[in-house]
Amino acid sequence: MQIVKLPKQNLDKFIKSLSKFGQIYAPIKKDANTSLFSKIEDSSQIDLGYNRTLLPPKKYFLPPIDTMFKFSAEAGYEEMEHDLNEKSILLGVHSCDIHGLRILDLVFSGRYVDNYYFTGRKNTSIIGVSCIPDDMCFCRSMGTDFVENGFDLFLSDIDQSYLVRIATSLGDDMVRASQSLFKEVGKEEIEEHKKKSNEMQKHFKIDLELYNLPEILDLEYESKTWEEIGEKCLSCGSCSMVCPTCYCYDVFDELSLDGKTGERKRRWDSCLFKDYALVAGGTNFRSERSARVKNRYFHKHRGFVAQYGKPSCVGCGRCIQSCPAKINIVEVITKIRSDAYV
Amino acid sequence: MYNGNCASHTDNIYQPHLARIVRRLPQIKDHRLFQLRFEDSEIRQNFSYRPGQFVELSIIGTGEAPISISSSPTRPGVIELCVRRIGRMTEALFRLPLNSLVGVRGPYGNGFPLEQMRGNNLLIVAGGLGMAPLRSLLWYALDNRSLFKEVILMFGAKVAEEMLFKYELLTLLDRTDMRCLLTVDKDEEGTWPAQVGVVTKLFDLFEVDPKITYAAVCGPPIMYKFVSKKLLEKKFSKDRILMSLERKMKCGVGKCGHCMIGYKYTCIDGPIFTYWDAINLPEMI
Amino acid sequence: MSKPKIGIFGMTGCAGEQIVILNCEDELMDILKVLDIRSFHTAMSKNDEKCNLDIAFVEGALVQPEEEISLKEIRKRSRLLIALGTCAVWGGVAAMKNEVSRQRLKDIVYGSPGRIFKSIPAQPLHSFVKVDFSISGCPIEKEQFLQAVASLVHGDIPVLPKYAVCTECKINENTCLLLEKSELCLGPITVAGCNARCANCGIPCSGCRGPVEEANIASEVEILKEKGFTLGDINNQLRTFAGPAEAIQTHLAKR
Amino acid sequence: MQKSVVIDHLCRIEGNGGINVAIEDGRVVKVEIDIFEGARFLEALVVGRLYYEVPPILSRICAICSAVHTVTSLMAVEDAFETEPSAQTQLLRELLVQGGNIESHALHLFCLALPDFLGYSSPFALAEDYPQEVKIGLGLKKLGNTIQETVGGRAVHPVNAVLGGFGTVPTKKRLLELKQELTKGLEEALAAVESVARLRIPDFSQSPTLYAALASSSEEYSLFGDKVIFSSGESRKVSSYREICNETVVPHSHAKHSHFKGLPFMVGALARVMLNGHKLDSETKKAREKLGLGSFTENILLNNSAQAIEIIYSIKRCIQIIDQLLKRGIKNEKPVEIRPKAGQGTAALEAPRGILYHSYSFDNAGRITKADVITPTAQNLANMEKDFRALAHNFAGESKDGLRVKIEMVARAYDPCISCSVH
């Protein structure tokens, strides 16, 4: 991989130069407690030192509500027009979120390819940025604290500059387009980068032990712990909304007043919702809240592993931060693990 | 930028194709058989499926839901769906007049593993609406009679008025190349031409070699329990018991998450599962 | 297909739902194209009080015995009865002190006895008649009403989201008032559909749409107590809009 | 000979009420507005609640004028705790209230009263023959709602207006857009005045009327004010609202009646134009002349014309407020802090239908111990009965149906809001 250096004083110029490559989306601070990815009109809004955004980048590829078709009684379902050439740049994505997107890629590809997801995905370049974990991050445990591909450029903060890894030819074009802003990387910078990477380790406050986890989840399928969590859970869905790898959606037809035309839409759903597994006639395959909570963990750390060989959790800590009931994935899994080995 | 190797712009997997309701055949109360014909001749000709697969059926303006294909691929040109009126979409379907347009996409799901099943005996055990997907298999087997050894159908209803496809199935009683066991729990008028009594009793009426037999089971959730018990008693191995399962579905193509059981999607890994899968996955039956 | 015959009726409330219907300024003419409005006292003087209706939209809670009679009459002549607004669905603000005797309340407000009128604790429609569908909200959201009308015209029972306000709040990327600001937010147990109006403004959800199905009141109360709210104040907030709701009654009945 | 006119359920007004009039040998023996709207006892329900819980609950008194209920309630609480919100907050609150005024007047004038004058039974029937008029009316109504949405966060029962300020202040961009819409709306409103001026407004309800309205110290027409002035020349401070209204419980109605010094009085758009009309700007004054309100009148049916005048006034005032806000530079301020203490607070505002009073007492912890709300419709009821009496007397010989139509028209002219009157 090619590596160059971007002195921080050149960052703004570089970002401005990027607009040639597409509309920029990047983290901004909404208020003291909240950062979000947002369309950038003015590069001074961008805050690359952010902690975690409230919603992950999935919102751009699997929007909370998305129109799939227009329909009418006569013409049936007509696909919405998509601008296949509209290019975007998602700037300032953390390593865990890049992993999150790659997990969604798995889900939306395969035998059936979801074009709604991939149209945006293929037209968006990703520029990653390094970060400092806080007390809710456990990406190290999930092996997502570093990322080797899935981005075009990746900026690693080494105090005065960013070390820029160039992963794709598009990334290379971006750098070349403002060559003068970049410097060659010397030995010290490499050393500095290694030092920083090592320092990052010190910040982690929590760890999720993955060893043997799928098996433990099987063993503890009937654990009382699930019921305890079920008592606390509000089925509010916050955890699923903010999760970079939760992808469930609901589909519905929205009619116009004429009762004949309208739009077919999909919107984020959550397996924590009461009606998630409810079928016509009233059978609910997961009517108990405890069964639904369990399903979320089971799917991420057991089901997904069986299906794709890795868990669908990237340790971003969002669900920990946003659960009103303070249900904490690391604590839950740790508890389940201890249930298995009493 | 995404640089994986997923195929670039194939067709929209969610695109429903217009089909016309060309026949509506009332069955028992709240059940109807709908014959659909795709409007587009190319789709009509290319639409191939295997028994046990389903389609996503859209009522324009109401919504979409999965429905098993009830007809057999051996009889192309139209597809038949047997639908029970139970909720929004199905209500709307029952309201539609003949010749209305609906949306259909599919076929989806694995369907029955015909390649494996060939050359074996076929035991079809159906309960209620479970006959819908199994009817496809039944006619497939009867139309390709040489592909299977013995063909046995077991189907029960409370009373004659509640038996789906009654007239069609009664004609099979006379066939010599299969056994058609149709039972009703009660026959007060004494006019029922076939068996009377609970379905489980039918198991005593025949002997098959479980080693060369596949059982295909579909019915209401409670049925799986007792039928599988019977079959295990008859020494069926767990992977020769095939069951069609049902879960909530929104997409039919393994994306929306709803039909996930453990780590299998009912829509793409199923809906046909072996009994082994079923007991091995939590929540399955 | 002929236009469905409908009636819009009010029991006791602030008339918010009728006002929201009239607030569909851009859609009003389209509504008239698809609905045959036979009764709508707030807007029309020639009302057909007898005809059979396909749909009756009823807002307001019942606070006097006469209303039970008229509600039952409406039920009798309507194929579908749709409760509009939190008062009709859950009892609304009028039901927030149903445990206090009506006479006491009357004394406080009217002092010396005025017209002798009967008053009953405020109740939602479903306490008296079968309700086919409910659209809650204080007041209802225009979009939900229009969506519902479109579905009904098509012949379908409408579907509205059943999840909690938090879901919408998260989608709007609001800073969580409960977690980050320790405010008394009922978002986790309140049914969505308002697009988290309050939280979007930085105001905690007051629960004006009523509880979600299977509302986990106990957990919500625990969370709020931990934030320093007293049980009394939490209970007050819980009963402000949906006091008669079963989940809330069950919670209040505990000890 | 006995003749009685019974209107079971008065239509095209908000809420549930009827009218009974009986005439015996040409003599009016009974005039009663029978308000059978259910009582929710809201003033009793809030007792014991914390101060900040009160405004959103009492907003539910009425949907049409929820904005003005909210703002009056906020002001009464702040009065009790001697809290002064920022100038920006006060401007935004007024914007909200003016939006409510536009919405309510447009609804009443074009949808509920206009059908009367043109001989239709509903705005829907009217729309078939007069689509343009109804469209303009709906457009103005929407404008009022847009203002309320923008400032209050919701068109009915605003969520964004809280004690001490606003949850979120509208952006400059949004205000500029709003101003554009208002400018467009002003043109339409001025055009609408022409059509209202062409209406033949009958005059069959003349009876001596005492008008009351809020008066502010400013030189401009306003919906705010700290004293109440009467057409008799008298005035009282808002804080003596009990003396002004003298509320009494009457046997035939769930709503109380008001009398000032033993006389019924009228509040509302007509009262305001009569008492404060001289403060209107010259363009609005022209509209006033056109609509025949340049001089003193006791024809209550002209209340609708007064509403048309006020729509113009309110739109112009909104534009003015937005300009002021923009000139000052809109600041993202948080609500000022409230320090509860024991005490009493009262506030009054001109709601679309007239003066609205909210008055509360609090204990040390900021829990409300007593709440008193007097709504304009409640104040007007006695005056309405007086007008019906005069009408019945003057037209005692007319057929029942003729009488009924006239009575209904007068009732509707008041734009009564029955939910408000009972609450």
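Chains here go by letter, A, B, C and D, matching the order in which they are written, and residues are numbered from 1 within each.
The criterion applied here is as follows: a residue touches a chain if its C-beta (ideal position, glycine included) is under 8 Å from a C-beta of that chain, and two chains touch if they have at least 3 such contacts.
These numbers come from a predicted model, not from an experiment.
Shared contact partners of subunit B and subunit D, listed by label, are C. The interface with the greater count of contacting C-beta pairs, when A-C is set against B-C, is A-C. Central chain assignment: C. Criterion: smallest distance from chain C-alpha mean to the mean of all protein C-alpha atoms. At the far end from subunit A, in terms of centres built from Cα atoms, lies D.
Once the centre of each chain is set as its mean CA position, subunit A and subunit D turn out to be 52 Å apart.
Centre-to-centre separation of subunit A and subunit C, using mean CA positions: 37 Å.
Chain centres here are Cα means. That of subunit B falls 43 Å from that of subunit C. Averaged C-alpha coordinates put the centre of subunit C at 25 Å from the centre of subunit D. Residues of subunit C found to touch two or more other chains are 154, 159. In subunit A, 252, 255, 259-260, 262 are the positions where the chain touches two or more neighbouring chains simultaneously.
Contact of a single residue of subunit B with at least two other chains is seen at positions 61-62.
Under the contact rule defined at the top, the touching pairs of chains are A-B, A-C, B-C, C-D. Interface residues of subunit A, counted against subunit C in their complex, comprise 30-31, 33-34, 36, 54-55, 64-65, 231-238, 241-242, 252, 254-260, 262, 268, 270, 273-275, 289, 321-322, 324-326. Residues of subunit C that touch subunit A in their complex: 27, 30-31, 33-34, 146-147, 149-151, 153-154, 159, 162-164, 166-167, 170-171, 173-176, 178-180, 187-189, 212-214, 216, 218-220, 222-223.
Within the complex, the subunit A residues that touch subunit B are 68-69, 71-74, 76-77, 79, 84, 102, 105, 107-116, 118, 121-126, 149-150, 152, 168, 170, 221, 247-253, 255, 259-260, 262, 264, 266, 269, 271, 276-281, 283, 285-286, 291, 295, 298-299, 302-307. Only residues 61-62, 88, 91-92, 95 of subunit B touch subunit C when the two sit together in their complex. Partner subunit B is touched in their complex by these residues of subunit C: 154-157, 159.
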